[in-house]
Amino acid sequence: MINLTIDNKPVQVPEGTTILKAARMAGIDIPTLCYFELDGMNFENKPGGCRVCMVEVKGRRNLAPACATDVMEGMEVLTASPRALNARKTVLELILSDHPNDCLQCEKSGDCELQNLAARMGIRNIPFQGEQSHYEKDTTLSVYRDMDKCVYCRRCETMCNKFQSAGALSGVNRGFPSVVAPAFQQKLGDSSCINCGQCVQVCPVGALTLVDNIQNVLDAIADPTKTVIVQTAPAVRVALGEEFGMEPGQIVTGKMAAGLRRLGFDRVFDTDWSADLTIMEEGTELLGRLKKALAGEEVKLPMFTSCCPAWVAFYEKNFPDLLDYPSTAKSPQGMFGAVAKNYMAPKMGVKREDMVVVSIMPCLAKKSELAREELSVNGNRDVDFSLTTRELAHMLKQCNIDLNQLPEEDFDNPLGQSTGAAVIFGATGGVMEAALRTAYEVHTGKTLPRIDFEETRGFQGIKEAVIDFDGFPLKIAVAYSLANARKLMEEVRNGNPNGYHFIEVMACPGGCIGGAGQPYHHGKSDIIRRRMEAIYREDAGKPIRKSHENPDIVAIYKEYYGEPCGHLSHEQLHTHYFDRSDKLEATK
Amino acid sequence: MANIKLSEDKVNVIKDICKSFGNNSGEVINVLHQVQGKFGYLPAAVQEVIAHELNMPVAKVYGIVSFYSFFTMEPKGEHPIDICLGTACYVRGAEKVLDAFARALNVEVGKCTADGKFSLNTLRCVGACGLAPVAMIGEKVYGRLTPDMVPGILAEYK
Amino acid sequence: MAKYKMHILICGGTGCKSSNSLEIIDNLHNILAEKGLSNDVQVIKTGCFGFCEKGPIVKIMPDNTFYTNVKPEDARRIVEEHIIKGRKVPELLYTNPENKEHVSDSKHMDFYKKQIRIALRNCGFVDPENIEESISRGGYEGLAKCLTEMTPQQVIDVMKASGLRGRGGAGFPTGLKWELCAKNQADQKYVICNADEGDPGAFMDRSILEGDPNSIVEAMAICGYAIGATKGLVYIRAEYPLAIDRLKIAINQAREYGLLGEDILGTGFNFDIELRYGAGAFVCGEETALIHSMEGMRGEPTLKPPFPAVSGYMGKPSNVNNVETFANVPVIITKGAEWFSSIGTEKSKGTKVFALAGQINNVGLIEVPMGITLREIIYEIGGGIKDGRQFKAVQTGGPSGGCLTARHLDTAIDYDSLVAAGSMMGSGGMVVMDETSCMPAIAKFYLEFTCEESCGKCTPCRVGNKRLCELLEKITNGTGTMDDLNALRNLASVIKDSALCGLGQTSPNPVLSTLDNFWDEYVEHVVDKKCRAGVCKKLMSYVIDPEKCIGCGKCAKGCPVDTIVRTDYIAPGHKLASMRIEVSKCIKCGACMGNCKFGAISVK
Amino acid sequence: MTKVKSLADLKAMREKLQSNLDIREKAENPESLVQVKVAMATCGIAAGAKQVMEHMMQKADELGIAAVFTQTGCMGYCHAEPTLEVRVPGKDPIVFGHVDNNRADEILTKYVQQGELVEGIIPVNYETIDK
């Protein structure tokens, strides 16, 4: 243990602790800007670049960055000495001197770390005038870039490269013109970006924001010729409450359904329902491949999950040689859209073109996924708009709806009833666990001795397990962060030496609960943990916890699809993948 | 993502250079040096090929190219003119020499003349401080320059 | 044909010429002719002796007699006494200021000891492309001694005892650095030579690599032996093609001779060297940035700790020294720590190579013992200020250093005294300025350099230096205020206190030191809107004195913006009306002044 | 090339190389043993040292002076490039600066052949660390 004083207060902390963490343990909150850590989730951005957390360490010639300086025995730290305060304020003024002064119109207003810092430090004017950075605005279907606002904290770059290994962003140029950008400062859409949106989730300011579709949805609702139905993803219900001042991990499923109804959606359905459907399709596909393999037939194993659109984009761009490995099952959003427009619309007596399907997602990649060509019929998309958890909260607030004041209501049927297996889709390992619950029972014909697969849960980046499938050892792996997925893909490319059968991949930290469309967690990994706890709490509280036991699922197969992986479901619920990699094409 | 359009010969030159460094991404700076040595500059398509061969994101390659002043994405003029603005040259009037070149060629610093004949750039110290102020045209060093020498020097290349 | 028996050498440097050395030559010629000695004694004008304070200088060969402060009337005595009678003229001999004794032989005069060539010992002596010439001057004996007679710890002990400090700028003790790296156990360690000399106006390292690459090869191998590394890497500027070629030749020859590679000198020690190329980033002189650049990344510095001695190239313990530091190593081994530490000051041992440049007569590469004064360098080596102008400032340490003034001329130069004076040793650029240099403009020049070279990683350097530069722009174009001067000082101090790396932390030094030493000049710029050096274009105007103008019109012909017009005033004694510059359109290029043969145009 | 195998080898080599130089210096006919070292660092080359060296070698040939020309590194006199050092046996070496073709000719015809000094001498103003 190391003894030191921080602001004259004696502190004892383990060796290797930074001044920043030691101070926080002592209840002293040193402000930071570039520093960002997701504890236990393999994400750390500690360039020591912003110089906001500078503190005075007695005996040192220069100020020290608290985020990156380890404590030493006998250290005397002053976090708010006149010298440290002057430096912190000056540094902040410098950042603001190269930042547009448009807080009122900024998407990030109220949730901006720079704005909060300026307020906290009492910045009333900016003494430095001079050149400001100007870049062309850029947008994909998911991410909006206004790099005039970039403070060069490099969080997005770290996220894009270290966490996702997508390699779309890099620090470019040097000195004052430094900025984080795709190659040649081209458009993000022309880069290797997979629209996971994690850059947006970690951006401290309004440089990277989401593409806002609230008005599209409000317009559709206001249009009397349209029937607007909505689906809500599993992870939304455990995070939406945060936007209304609730504790992280509060489950607001019923209030959310009520809120959506108040907003004027004609039907309030649940993506959880189509998650159960996904399990039926994907589980069946897995068993099919396993059976063939056992029969000695040539078949692609391991099978990868395909629910996560960032992951899909990632392997299409990086592993075009392995496009046969992922499950062909559409994501739950995609399946819901297909069911809504092919099955539900006629049932409701609505023409396909007059039905508008809106999804509420914890995700930015879903905004891009819904534009995939295979997910539309004659140019009419199965899902018309995807809103994030944050957008839903904004929309509710705009419409004067306070989630706290709402009663608990149920989803509409038949696309509203779901099982515990569906809700755990929201956390890393959840799809795997849900699939195991169903595949085991379908395969063995026996009831599971235990429903909870602890080996797929938790925040470990790559989890591996062997599941006893009634004598057959099923080798599985679960990964989040696409850098982890890349490792597994490379193993597969090299002949799958570990003999995996089934691998689940989610792009975001902890799965969809840490998605880019969720309320900003600002690096407080505890928030993500509490969302995960809530997910499993919701699962445990469900009367039915296996997808194949969902009566509405059973019913739709009976009534409409016939059987999982049958002809109609192949047409509507499955998709195919494209080689979207960079090509080296020489001209003569 | 962009598809790379570059002649096969050029692609092969780049591939060979990458291969000579074991296609190791840690050698990217050496690769860029050699490729620029061959082509004179590093246009986007060339960087795409290098990224592909070294199995690294092209954004990272561009991040490196845009960081180091030695690397350029702009083609140089037939006779690249570099004016040294190192301290020794600066205090001996290099700026006036630079102005004289810019005026005589009617070209901005960092740009190429319309006919592609000259490009005008500045650099920091060629290490010939004893001859300050110094300019380089191609490989040739001109020392102890004064603005009135500029037209005469340019005449050598016309 | 004449076969001269004696030669009289007379300094023809600017300083001596201005004190009538040419007249001395005429007198000598006349007197020799008078005595009939013209065919026996040759009088010849030479380049500057550097010792302008004591000029004019006359040297008699072959006996090396050295006369100082010679006046034209002394010519007769020199011929009659020295040449004819062989008796030296005592009053003209150089007097040792310490013991007041006359020194006759220039080889024993202490001003010749102003420079001692240790790091440059072989530069200008050996053919750098021939290892045998190095060997004939004792090259590789240091390495041989280490490998055959010393343990690694003993090598480190010698380096520590020598007191050698890093010559790249900050002056960290070299022996200690080696020891830290030696202590860390690893399967692979690296010796890295920093040859990314980026300081504009400095070319010490380049000269050493071009003139004596073998000393660097030898020193790196010695370092490898001391710290337990078998691999050496030289990070060298791609802009130094000649240095690269010669270093490659030296490495190959050393391999051929068994002085590099496997089983060096039959001792079983292996060590080899590879080159890595810099690509034009000043910040890569910072060791963590250099290492990242060698690893194929953007050359951005990272926080220390971890130090390279713990985790350097490829995460392995690495020792980084610059070229000049390494150049000192072999002789320290062969001549011993005691010899080395006898040179220099208490805390700074040995010599320092400087690239002497700017408004000085003898621009060149010099190597002087630590503790020498700026005055000695400028007036006794550098030959004084060009064209007899007034000394104003000397800039040391490049963009990281500061501008020192006449008040600092007698400061003994070492690492600590320069820092105390607001500058720093830096890598060894030394730029002398006279009254034609404007100090706010010089500060701006350096800041523009730093802005261009900043890696951009930390706010104080990326944005702060940009803002400093903009403030200086305001000041030099006449729109600055006293408030700007205060903002300049506060911002500069914050940058110094809070930037991430050494480059950023030292980048405000040119501003702070000029604010300290030339405050009046800043105030003149913002209050009086005047630039006394006539550098800041916005603060000056060209005017034609109508009384001196003869109306030839040459100025108007040469004016690029046609802003010179003829007036209707004809000055008394002139035939044509005088010319006038329309100030509003003038771009202040100065062409007119250069074209006027009558001195009628001046800067106001 | 035989490798140097030990410290003794290295010292023997050094002595042999040095005695070669001595023999040159102590020889009878000084003109045949003139040594010219041309400063060939970037500065010198930029100022034309290479071309001057070539010219001078040719001129020496024409004059029948069997001088040994070598290149060397920076001598430090950047203000006077190109510079070269001429060592006539029995005399102290002399450094000449600002050497162009004309001056190179003069150095050979006047200084080397006749012992007459020519303009451009640079007084050497540093100490070496040789014994």
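As written, the chain order gives the labels A, B, C and D, with residue 1 at the start of each chain.
In this section, a contact is a pair of C-beta atoms (placed from the backbone, for glycine too) under 8 Å apart; a residue touches a chain by one contact, two chains touch by 3 or more.
If you're wondering where the values come from, they're calculated on a predicted model, not measured in any experiment.
Seen from the Cα centre of subunit D, the chain whose own Cα centre is farthest off is A. By number of C-beta pairs in contact, chains C-D lead all other pairings. Subunit C has its Cα centroid 57 Å from the Cα centroid of subunit A. Subunit B and subunit D have Cα centroids lying 37 Å from one another. Mean C-alpha positions place subunit A and subunit D at a centre distance of 74 Å. Taking each chain's centre as the mean of its C-alpha atoms, subunit A lies 43 Å from subunit B. Taken residue by residue, subunit D touches two or more other chains at 42-43, 77-80, whereas all remaining positions touch fewer. Residue positions 203, 206-207, 240, 281, 298, 357, 363-364, 452, 455 of subunit C are each in touch with at least two other chains. In subunit A, 171, 173-174 are the positions where the chain touches two or more neighbouring chains simultaneously. If you check each pair of chains against the touch rule, the ones that pass are A-B, A-C, B-C, B-D, C-D. Contact residues on subunit B toward subunit D in their complex (touch as defined above): 126-131, 134, 141, 143. Those residues of subunit C lying in contact with subunit D across their complex are 1-4, 7, 9, 11-12, 42, 44-51, 59, 62, 111-118, 120-130, 132-133, 135-138, 140-141, 144-145, 147-149, 203, 206-208, 210-212, 240, 242-243, 256-259, 265-266, 331, 335, 357, 361-367, 381. Here subunit D touches subunit B in the complex through residues 42-43, 46-47, 77-81, going by the rule given at the top.
Taken in their complex, subunit A has these residues touching subunit B: 161, 166-174, 181-184, 186, 190-192, 317, 580-588.
On the side of subunit D, the complex with subunit C involves touching residues 1, 3-7, 9-11, 13-14, 17-18, 21, 37, 39-43, 45, 70-80, 85, 91-92, 97-98, 114-123, 125-130.
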